[in-house]
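Two complexes, one shared chain (chain A), two partners (chain B, chain C).
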Partner chain A sequence: MATIAASRIKRELKEVKADAELIKDDVSVELMDNSYLALTGEIPGPKDTPYEGGTFHLKIIIPETYPFNPPQVSFTTKIWHPNISSVTGAICLDILKDQWAAAMTLRTVLLSVQALLSLPEPDDPQDAVVAQQYKENQDAYRRTARHWACAYAGAKSSSRELDEKVERITEMGFNESDARDALSSTDWDVGRAVEKLMS
Partner chain B sequence: MLPGEMFELLVKFDGQCCSVAVEAAWTVGRLKSEFAHCHSDDGLKPSDIEVIFCGKKLADELILQDCELQETSTVFATRKRSPRRCDDDASSMPGMDRPPEGRPEGYRSLGADMADLEPQVIQGIMSEEAGSHEQEPSTLHTGKMKPQIYVYCKSQCHSIQPGKLRVCCRTCKGGTFVVHQDPSCWEDVLTPFSISGVCQSDGCSGTIAEFYFKCGRHPTSDDYRAVALDLIKCNTRNVICLTCEDVRDRVLVFPCPARHTICLDCFAEYCQVQLNERRFTADGELGYTLPCPVRCPGSLIKETHHFRILGDEQYARYQRFGAEECLLQGGGVLCPAPGCGAGLVPDPGSRRVECVQQAGHGCGLVFCRECRNAYHPGDCDTTVAQPVTDGGGDAYTVSTERAAQAQWELSRSRETIRQTTKPCPKCKAPVEKSGGCMHMVCTVQQCKFEWCWVCSIEWNHQCMADHWFDVNG
Partner chain C sequence: MPDVKTPSGPENMDSDPNSDGLKHRAHANSTDADEASKDSENAGATGGTATDSAEKDGAGSQESLFECNICLDTARDAVVSRCGHLFCWPCLYQWLETRPNRQTCPVCKAGISKESVTPLYGRGSTKQQDPRDKIPQRPPGERPEPETQGPFQGFGFGDGGFQMSFGIGAFPFGFFASTFNLGEGGRFMGHPHRPQVPPNPDEQFLSKVFLWVAVLFVIWLLIA
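This part shows the complex of A and B:
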């Protein structure tokens, strides 16, 4: 019954808009239409993370069976994170799956997603490539995540070196985002990235 | 009903039921006189009679309407017992354990002292029950609180209704039973042998009370029983619903330590969603049930009649699912033939299962317990589902199984299932992947196997590293 879902979301929306903690962090959520079943969220990259300065957008789809089933939350801004798919933006977060409980709210979801950006959990990854890099080459992970935040989420002060590498590959006629994907998953080795793109 | 209005009270005496026209403002003494008058042929005198209602002897001074007596109420009359039983009588009279000066204490309804029973604000529900003859005028004007029990009325209303608590003798089932003390909690009422008393009927030496419930909406026959829904309460504390956050009149309070509270509309929705997703818990002791939506430990609902809120059709579905889960947990299987689904308990040592045709059940299919296809010698072929056939033969006959296969629509759905699903490597249930990563968790309650969509094997670190997230999967 959509009525319980809609009336819950109506209240939760008010709660989120009035929540001091979320307002302080500039976390916000808006309706996509009048149905109360589709929302967009906005989360700024947390301080002292590679995502700082970026603004990340979320798509939140409320199932008709809400709150007995979790909302479907995904990133619409591309992001490099072990628990978020770099391809689809799907989030691997237990409370959005089997640990969901009807007493949780949009506020819980937003705070949890924000916390996930600060504290990745590489042992339960959504994106295995990112997770592997995070575990084996923290520095490459940080630089890549930072580069993505600048390229897609509007963060400033990107690394000139990485930008140039992307440029070098796009000059060969490859699409920019494909070039970035390939470089990111090869620890920015241009030769291997090109090889990957050709295969 | 107005104070001066006459109504019919049913009086049971010596196994006979007779109706007495009374006024709500009459005393019990007047009722006794009236009743004795009807039985003057037997030489019955008012002073010989005891009137028993809800486990209590009614004192002569009490006013009928104060005892919650109304149209369709049944009281029990007995001859006063011999002096031998006088000591029992002393404790059973309301107020008799206090000095007997002045008027005896007013009537207290059965269960009024139950600590875990919320009183109902009579005025609060008047709009809903306007015109009903349930409320006595005296309580209406004073806004008195009265404890409220809810029941599921199985035979007439088919819905959740305010109920009445009644007591009888466990031995003779007669209503002429006087309790030694009122029940003080649901446990007293629901646990047999909790409350003792004395049966007043001749020739019965019963000493144990048996509680039962009636629907408060209509008159009921002697053998009528309603099921008490002990978790449903009147929301006198104005607790918000866990789910919709509204404050509603009637709520269900889960037995978890936090006593999580949900309104009845949301509870119905919760049950329906969990049923549709087959997420009920098959508990060995309590049956097919649900925890509170926060999933607190100890929150499983004990009385499964609470799920009657689903309505008759969905409750039947609930019962079927529950029976299936019970069968599967006990090592049984369900026949895979379309439209059959008969529950079978196969021989543990054998892969060959026959859906035996008997008494209108079963379809005769012989299938493999491992792959759920037609029975075959040798290993199961898990790549392509084998069509179920009758095993050949050159006579031009079509078996019922083959006829089931050869249906236009069915063949399409079968094909779709084959193309879009993979069997769970453990329980073989066809699984459709509608999105997300390659890490699959079987949704079948007793399976919950974690497996890799790409490799069809148990989920492992290698799969996690190689193809956890593969777009083309």
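This part shows the complex of A and C:
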């Protein structure tokens, strides 16, 4: 069945590259090698979200049983989002699991992942810490997601205050991404973040 | 020119696989709108749907109309679902085998089963058979409820639609069958791939009661 998978991906790639809507949105897919079973995707952070201005990279692994089973999609760009693991980049999205249908394509997948950035589903979380923050402290969630988009996805206009907090902790000898993780999961309370790093 | 859209094939139905995804309705709708405007432009050409789906494919041919919704190639041993979606039989078969518990159309997620699809016989097909002998009428597009195949299906609670009415309808016959040993060991009649349900104690009790009522009724008839 590997033949259906490869020939379908070949077709879908052509389709994605010719799709006016995707081109306009700067959504793209490329092959990782010649196998047609591993691809990389790129989606811009949607407007009016903390991800705006960032570029997010995806890894798309096509199973040999594609399209009868969904592709495995994960973020390779670090991102702060209730339905995406802040550690592994794994995505919790129904169409990539039990709601997959064989007529769905790379186009569907890319647009759905992009839509997920605009509309988080905190009740079906992948990252419990982010989901809790999203529900209990929307403002902290927005600032953290924005900070991560600037730090990892190339978005501009980061908050100076948050950058300084990360610096303060790195000056104590902690590594930057650990410092960011700790601050992010403690609503940017430096004391609690340091405590967390020490434990 | 809204009449251009009337020869509505599956393309014009709400058949976007995104339809229960997140907020893709927006995307799907805008695509529909685009297609509708293309339709109007092509009002003179034959078959608005053919033209726009060919354009969507970028191939500029009419081939895509007959592409399988799973392998995206021209459908071989083509079958069409009751919701109007076209597949190669091998492709659809594999999809249904992959998801035995959730048999839904890969395009629109309507209920689908191996029995409910209609094969299409073209002129050049191996079986030289007039399609009208087998297919009295082209089936209209429908949206039956998804037919779940869970372990407790067939009892008629919450399954909905077709499955439910069948389950209830067949129930008394199930009693008869087990009571008079006519059936296949108490298996319900009616549905081809319902798993065999061993008669439970309650059911056996009910069967006995049913039998006695029947016997008393016959006796009463004889006396009266």
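Things to note:
Simple rule for what comes next: the second predicted complex is superposed on the first by the 199 of 199 C-alpha atoms of A that agree within 3 Å, B and C clash if a C-alpha of one lies under 4 Å from a C-alpha of the other, contacts with A are read in each partner's own complex, and residues count from 1 in each chain.
We take it that a contact is a pair of C-beta atoms (placed from the backbone, for glycine too) under 8 Å apart; a residue touches a chain by one contact, two chains touch by 3 or more.
Keep in mind it's a predicted model, so treat the numbers as computed, not measured.
Once chain A is used to superpose the two complexes, chain B occupies space that clashes with chain C. Of the two partner chains, chain B is the only one that A:S85 touches; chain C does not reach it.
After overlaying the two complexes on the shared chain, residue contacts for A:R11 are found with chain B and with chain C alike. Once chain A of one complex is fitted onto chain A of the other, the partner contacts of A:L111 are limited to chain C, with no touch recorded for chain B.
Residue contacts after overlaying the shared chain place A:E21 against chain C, while chain B stays out of touching range.
Of the two partner chains placed by the overlay, neither chain B nor chain C lies in contact with A:M172. Applying the stated contact rule after C-alpha superposition, one finds that A:T65 touches each of chain B and chain C. In the superposition on chain A, contact of A:A128 is made with chain B only, not with chain C. Chain B is struck by only one stretch of chain C after the chain A overlay, and of the options 3-11, 39-47, 129-137 or 165-173 that stretch is 129-137. Looking at chain A, you'll find residues 1, 4, 7-8, 11, 65, 67-69, 98, 101-103 touch chain B in one structure and chain C in the other. Chain A contributes residues 1, 4, 7-8, 11, 65, 67-69, 85, 87-88, 90, 92, 98, 101-103, 125-129, 131-132 to its touches with chain B in the complex.
Against chain A, in their complex, chain B makes its touches with residues 242-246, 260, 265-266, 269-270, 273-274, 276-277, 293-295, 435-437, 441, 464-469, 471.
Residues 1, 4, 7-8, 11-12, 14-15, 18, 21, 65, 67-69, 94-95, 98-99, 101-104, 108, 111-112, 115-116, 118-119 of chain A touch chain C in their complex. Residues 17-18, 20-24, 27, 30-31, 57-58, 69-73, 85, 91, 94-95, 98, 102, 104-107, 109 of chain C touch chain A in their complex.
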